[in-house]
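Labels A, B, C and D are assigned to the chains in the order they are written; within every chain, residues are numbered from 1.
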């Protein structure tokens, strides 16, 4: 690719949720006068109908898609997930080598992002990681920290995460708490929720969003074997509640297949309970936020329950170990895989109603902060381990070194 | 694969150096009554003539090779290296899925080992990592710590490494300083060095090992672009010394191609200087140790200069940034890529003669300690981050939890 | 793999239909005293619920599954199909290298079978191809003949096919018309059709098989772009007939995604028509044959309409170009993608009723004939082109050279 | 890629020999007003020093290289060769999907070209094949015809080949005998041979090209197991001749490793004989032709001995089965792997001296003819089998249908 004198930023997007939360950032990166943005698409974002709208959306936004790589291996099990990661890395290596970016932006903790980070590291690229330092359950916990140890610039979303990234030996001049992009988006969205729009997504019974409804988002936990049973537990709990429900389909990860089967089975065999449920595969990020603002309670194990909901004050019942140990505001009640406990917790949260907004994951201008640093920081590739003892010497440094 | 009630340990070996240093461990794992050892071969170990001897050796030892996977992509550049890693991960995924081990042992910090660790993590296997926590230059620095963050059991080689692995949030009940396998091997080898054997390896001029000779091992540094120039600097420095030299060919990594070309070019154009040099691609681990014991000075950037040489008291001139920051005994003199400085340092080290043995990287019975823990520890897969504050609670624990 | 003195036959199975038709052959190969059978599974056969039964079935039969390789890339488009083939070839290379068979059996003309044949050819294996020489539309037409030119032993199903394989330059001593395995199976099946069993498969309305019903099997044609529209044409035609219908879900090929979407859309928006339809993803081969024996007419583009139906005398309406040019008995009426024409043709066929059995694709003991030749023929790997002129010299030869 | 209304031609080049022979064609395709040429590089052409000159050359010529894909897997054995083909196909799939060409040009019969043809076929592209229909030994024999059965347009080099391509069922309106590109190039080259230039390539002893010298090009035969022994036979025969020799290094195929080892071993242990030999890895196509014009005899199994040499009248001793059955002019003497026989045949050929030029493989303006047809023919993708009987109907057609 012919080079201008702009710094070239490559942003691989492999998942619709990542695209949703990154919209503000992508627009800022694209608009910055000294940056050149290259989007690469791969993974599940290329696979569904809604994602085709994403691609249109992206191109309508004037962004360049440098590569579209189909690399999801079917199977819905660990082997398929591992091989998807490997194939993703293989193909992104070619893509990254062709683009030859100055910085590769790795977002979050999905399994394929580590694979891309590995490829980028081996190509000797500077890696910027968004959302490192958090703790959680699932394989995400391993993935997130492994990416941190491959990355050179860190944009974390909260103080605890910053402390952990520093403890892991990262250069303190390159670790920034810029708050959460999801929360920034949640804070800015003012989409009005309408029955017409909500019932335009997914299948199942119509939901009347002017009346109380709950939302469920329960993803498989790749390090657990009983994903199907765990989902059924939630299904039974929710069915027993007798409340209108918007149920978001799980992510396409290991364990998805059997979870999707459970939902289908449930729909066929519990028609009455299913009659109060709408099942949605995707909705645009702003619509999702609008639902989150309106719902009586979010149930499941989505990070949206921890982050966006904290700022929006939405009551949350967090089920099982996926978000284990993550920094939480008071709006979350944690329960195990126990239908009775889930039902009781949801009841309590519905009765409690909305919480005060928390600033735990919020900083103003997150996307602008990240963009400015990607444009201005001096880049490096050879990492070294910064030990706590050495850190005191650097305590005066508040921003990283900037390029001339 | 049909399962016995033994714990199944899978040991991927991708590099002859790793095989060399792991011989004692492999034998111990193979012999342990409650363990079942499966070796998997891939990467460069399958590629050269000497490696075929390794495969014979392995089978002669009664070990099972579960898979032999050709996955080195030619090119000798970053793209080839990255793609080799991806292909390795892809193929080891199939292999690991077929073997279905309880534990996957990842050794060291080579780029393909991170790829295998990633595959193993996604297959939800328990990962044991040997030699984590060290610091160095090169991409190895990133690879090593990223593996740590995917691994569940850590066998480090020195106290500093242990401190760093704990700082990175690993479970202190699963972090063990068992010393270095290389050093254990070095301590046990009593192979006699003979001219006949030494001159049976490689090409070039015969070396008389009853007289003073130096050794050179200089690998490419993947995060540096001037590998060829750096090698030529060392070639010139060594040529100017006028001492007999055993030169070990660099590892097959990104940057190797141009380094090998330099050596060939040097041999053709500096016949006189080359007349004092023998170029060896491989030698068995015990022969290498025997040479290390006998050499007047080891020059280059091999980890053997830091580790084995510390115990053996061999003078070392460490060139450039590859071992940057690694814990070192007093036998090492560090110099930059400067022919004059290298030559002067080697002169000083030859004059100094051997050093006292250091225990920095030595613990007795390293391989037995590792084996016993792999057999006895309770295994887990879901990682969580242990923060320093939390560590004080665990200070009494000196060994990990054992299985019933 | 340790070797006995038996000839080792590797049979890759990538598709449930192939498994169905190959059951007799697999049993014969497994039971032959001088053969050793290794099954390898990959592709779509590993993906669905029914396929898991196949794996159980296989293992219950005492057969060895040497490898199970997940290699279907999601996307349902040409890119995904091409990459699936490549990944299949890559993984089967490792599997074949490990098994080291004397003969690899390639069945039919599915896209991934050419990929496996290529891998086997490059590993210098003798390749036996079943069902070469036919002509049809779709990419299958290219795939089938390309496999022929990689294969060494040919088991064709009819005289026309034999003539074409010879015209393409194959060694006449290794080209055998053994008839069709599908037809052999169809001839032997005596499974009784019951409502209970039929309605145990798939979803949708129950079918009463004691009353007239039609069957539809319409696969995507990978060289056509309007698969969705073509399917909708058939859906509309069938809906207008007002006859009970058993509709088999299309194969997972390029174009499947949009076809499946059409069917789902149809089911939701034409409830009344859909009320006469049952949609089945898979049924065991013997049940499929039982339905074929009982149905009033088979509609679509399945090869079963050309082959099994010819022997069973089932009326067939063959739609579009997928079977273009294939040798046909008189039971088939060919129509284009035209709802009116399809409807009229089905009407005519229903009125006509069953046809006399044709022997076009039938030879007795197909599976035994193939097995005996795989056991007895002298094997070779270096191919040469036999020109028609040279063929007259060989006219006396009726069987291939046998091994001592 | 944004599209003009030009027809887009994609030309994958994977081998330096193919680049050499295709230079005239590439220039013509590039210059044609209604064509748009996209070159894709992969395989061995990216690997050696000389190839880097090729890339420079290509870019200097103003041609676009759409992708450079490192996909050669080390090993030099069948497994590595098969996997290289699979990886090549995988990566070219992405490249072809991004370029979205109207026609993919597949040249010759190397193993990776079939893999690319398969990918192109599955992407539903029109494939033009150059040099189909020939017969030879080695895996090339299978590869060549399998490509024919995937291709839509055929440019063959001689009448026999045309007859065979038609026999295989190809559409006679799309089969053209345009002669050999190699021979066209040989006919046009007037590079003067100088000692300076010749001895600027490769290593070993200087050759005096003003005096008699022989050339050797002996590639591994992938379907044979004794490549090493066969090469040593030729080495011994040539050594015994006592004539100056230019020896071209074998292609990087399965079997190369051991052949290269033989040559190295020979050079070290037969210094005297080796003193008359120069070993060259690559030379530009025009220099190669200049040597071919001047040499007393070409020995080995290169197709240049059959084709270019026929037009140039160079005496050839063809060794072994690699060119088995290929159409030959009278300048070739065929011998087996027998040192005595090789030596005697070379002696006879040297004594015979040059032959009269043959037109077997020659047509004027080969590259222009191919270019014009690629620009003017109506394209199609759905293949069908043309049987000999049907051919008589088409006998009037001498050129294919042209587009409006």
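Just so it is clear, a residue touches a chain if its C-beta (ideal position, glycine included) is under 8 Å from a C-beta of that chain, and two chains touch if they have at least 3 such contacts.
These numbers come from a predicted model, not from an experiment.
Novice: Give me the set of chains touching subunit B intersected with the set touching subunit D.
Specialist: Shared contacts of subunit B and subunit D: A, C.
Novice: Can you tell me the C-alpha superposition angle of subunit C onto subunit D, nearest 5°?
Specialist: 180
Novice: Express in whole angstrom the distance between the two chain centres, defined as the mean CA positions of subunit A and subunit B.
Specialist: Distance between chain centres: 37 Å.
Novice: Between subunit A and subunit D, what's the gap in Å when you average each chain's C-alpha atoms?
Specialist: 51
Novice: Centre to centre, by mean C-alpha position, how many angstrom separate subunit A and subunit C?
Specialist: 43
Novice: For subunit B, give me the residues that contact two or more of the other chains.
Specialist: In subunit B, residues 79, 83, 87, 90, 94 touch at least two other chains, as defined above.
Novice: Touching subunit C in the complex: which residues of subunit D?
Specialist: Listed in rising order, the residues are 78-79, 81-83, 85-87, 89-90, 93-94, 97, 111, 114-115, 118-119, 121-124, 135, 137-139, 141-143, 145-150, 163-164, 167-169, 222-224, 254, 321, 324-325, 381-385, 387-388.
Novice: Report the residues of subunit B in contact with subunit C in the complex, numbered from low to high.
Specialist: Listed in rising order, the residues of subunit B that touch subunit C are 67, 69, 90-91, 94, 98.
Novice: Sort out for me which residues of subunit B touch subunit D in the complex.
Specialist: Listed in rising order, the residues of subunit B that touch subunit D are 46-47, 49, 70-75, 77, 79-80, 83, 87, 261.
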